[in-house]
């Protein structure tokens, strides 16, 4: 039984281990880059670093649990998301603030909306709310955040930005937020409202979503920061 | 039995894991920010960093104990508070010192009062003192610290401060100290003087109190430091 | 049984422990050097650091597994390679970028080719693809990466480079990529297509390959960075 | 049995956990401060940092042992003291060297005296020497170190120092060395020459001594460094 | 049995724990010093840091094994030496390079000789070579390294050096290399060619040798760096 990590790894187990390694590598890269970015990029990059950093803790522990039991309740992931998803939204906000001052009210609205979004889904999943209600509230709050990014004050400031790398970075990050975050309600639908799914496949979807949101997203922030620093020099 | 961390998490367990993750993320953010704040902010921020840093150790260990036994004696938390609460008060003191020189005597009075406050509550809770006596001493010392913050030398210096971000920060930190610290005697009252309470709910109150005091408080220090650095530039 | 790490170590076990130690030492050296290299070298060196850093995690865990069971399925190594091998190729790309701007398209082609190369071999080894097909795809992608390094845009920019240390470094890194990476398909051939081999000897080959690719390679990057910094001063 | 850390903590156990937390917090604070002190203070502060840093290792391990067995042989502490006590003396020496050049001979005399002091006590405690002899040698070497601090070259240089913070710091550190170190021979007397003592109370004395010597002392070094940096600016 | 770490420690166990603590303290000191040394000293100091850093890993693991079983096969130490001893030789080489450019050929000769020296002794000890042959090859390679340090190019450059601290440092480091490294063949002789020895005493010799080579040596490098930085300012 103890030898189970030694069997040829199934794909789900491999993605768990891969995400542990990838989260570690991403965290290390962002921590190192913190020393040589131009000062105004330090806050967005520092915030972004938190997502893979918490991911390391989450996946190290989850891998252990998964390898031993080949099961991991989805509820457990909410601890990771409760930190990583608001941090992602705030990284976008502070990215825009490197161009121009953004209103403080927007900061609080985005923070509260993203925390509430994760909370509603968690409460739906643990039957503290009706599953459908939790799902709907989570969906609406996600659309609100997307709305701010596509049509709100952030989009305006971005449109007037003179920095090409920032405009490009904002485009990609917004896209990741749209596609990457869509995977969560999708999996949620399958789990809570559908008739269940193979737990291994579900894990692969969730791990893929985290790969996009907690790794690709922060690497986009880093690339934007590096390009903009080079551009403005 | 070993599989208990795999059950759908109850709310109390989830808050334990969430606080471990949140303490880690807060520590990481403050450690990173230490490199780019203006020099006079480094001491208050470094001091504040200690609160979530000790919190990481405390919650990592507590989560393990809680997940296994679904019990954790409150006495155990005093180790964490004995470091975190005096550190919070001193962070407030050194925040004020970024404006003007504060008397050294005040430093010692605040340090001793906050250490004695935690000690009195610990002794009350372990029957080294009469519970009511321990509670009252703790209460009086807490009120003394609040008095210094609202009407003492710190409030005076703050009132004369020319820096808006510092005044705003001081307002919020004092508020957190008032509300956040009020949760501890409240829970203490319930535990020692009332007829007991559901241990799970008690844990949620305590974890919420630590979230406010050890995370919201230090993020307020950090925000003040960032705003003031930007303001004075 | 628990005393097995105490037996005179066989050569395979010794190489596992040696690689754990060597990966740690290399990571530490690169992390320290990050503080004093000239700015344009920081990105290639930071990227290179990731290879031994992930190697530390991989070998620490693998050593434990190997010492206990004297077996370790090769599949397990793919988690390490999936990070380390693309990172190596990108380090080469960013090394060339310290001389002149390289096209972004090349970046994506190299990234995708190296990720796909590892993925194809993994799928071949776990029978998600026919072993021979997985092997052939991996081989072709490897040759493509070598082609870019020997005859592509990178080779051109390198040839026009005015910096002797960079030219020398590029020569060595390309050589390591050629020889070091050749060990993987070689061992793959033995495992999947041949009639198997003594697992101990196979491990020694793989560990040797990682020593060359994840340690010698990044030390070559570091040496190039140090020499070039000294040269251009 | 495994649940023993969950019982309401006795005072001795609480001091073990408290010292682990306090050593961690002190180490973190000194490590952070290393970045913003004026250059000539970096060596004394770096040396001082080693005392709580080794203390973290010592107390983390000791707490584990104590919580499980409610016993911990005093001999075990000598590993910690063998590093921490010479480091304390050398921190005092290098503090004086921030004022004026101190003779290299003094460095070696202090280093050897403090190492020999700990060694003699260790040998007395493990019956490698007669207990009384070990005690007496330890005592004489301690008095020699104090003599250097009160009447020797260090006291002279300090008296001529133009820096008030350094004079004040030296005064406090010498006092800590006098009172804090007196607790060790005192406890030694009780253990080896008296008729034994309650092991819990003995642990509290030793933990208190370490709190003074490994935490209060290095915080005094740090405070001196900060005050002197502010003073000389 | 699990309580064995609680028995009054015998001298051999105490040296294991002491070396773990001393390696940690030395690593921490060198890592901290890396921030404030003059740039040309950073490479030799960074290289030297690797020796105690690997020592921390080695002794933490060895202490655990020794405390449990009171046995540890010498072969196990070769993993540590394979990193630490070449690193020591290279630190000497780069120390000389802070004075004048040293030939690259010498670098490779020293690296290969020191790696081969450890390898030959390892092969002798594990019967991959005749013990006497392994011993002799190791001896000859050690003498070659000493020859380079006493009569070779390094000694010449050192003799012409204008920096007193470097000359003094080189003298001490060469001496440590001579005496400290002599302990290894000595112990080797006792183990392989003599009629065995008490394993406890043997461990004390080896631990003493590591204390001199991995700690005293690197502290000599650090002291040289600090003195030379002060001297040249």
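All chains are identified by letter, namely A, B, C, D and E, in their written order; residue positions are counted from 1 within each chain.
The rule we apply is simple: a residue touches a chain if its C-beta (ideal position, glycine included) is under 8 Å from a C-beta of that chain, and two chains touch if they have at least 3 such contacts.
This is a predicted model, so every value here is computed, not measured.
Any chain bridging chain C and chain E, meaning touching each of them, is missing here; the list is empty. Two copies of one sequence, chain A and chain B, touch each other mainly through non-matching residues, since under half of the numbers at the interface are common to both. A straight line joining the Cα centres of chain B and chain D is 28 Å long. Computed centre separation for the pair chain C/chain D is 46 angstrom, with centres defined by C-alpha atoms. Of all residues in chain B, those that touch two or more other chains are 35. Interchain contacts close the chains into one ring where each touches exactly two others, per the touch definition above.
Each chain touches its two ring neighbours, and walking from chain D in the direction of chain E yields D, E, C, A, B. Chain A contributes residues 31, 34-35, 39, 42-43, 46-47, 49-50, 53-54, 57-58, 65, 69, 71-73, 75-76, 78-80, 82-83, 87, 122, 126, 128 to its touches with chain B in the complex. Note for the complex: chain B touches chain A at residues 3, 5-9, 11, 14, 17-18, 20-22, 24-25, 28-29, 32-33, 35-36, 226.
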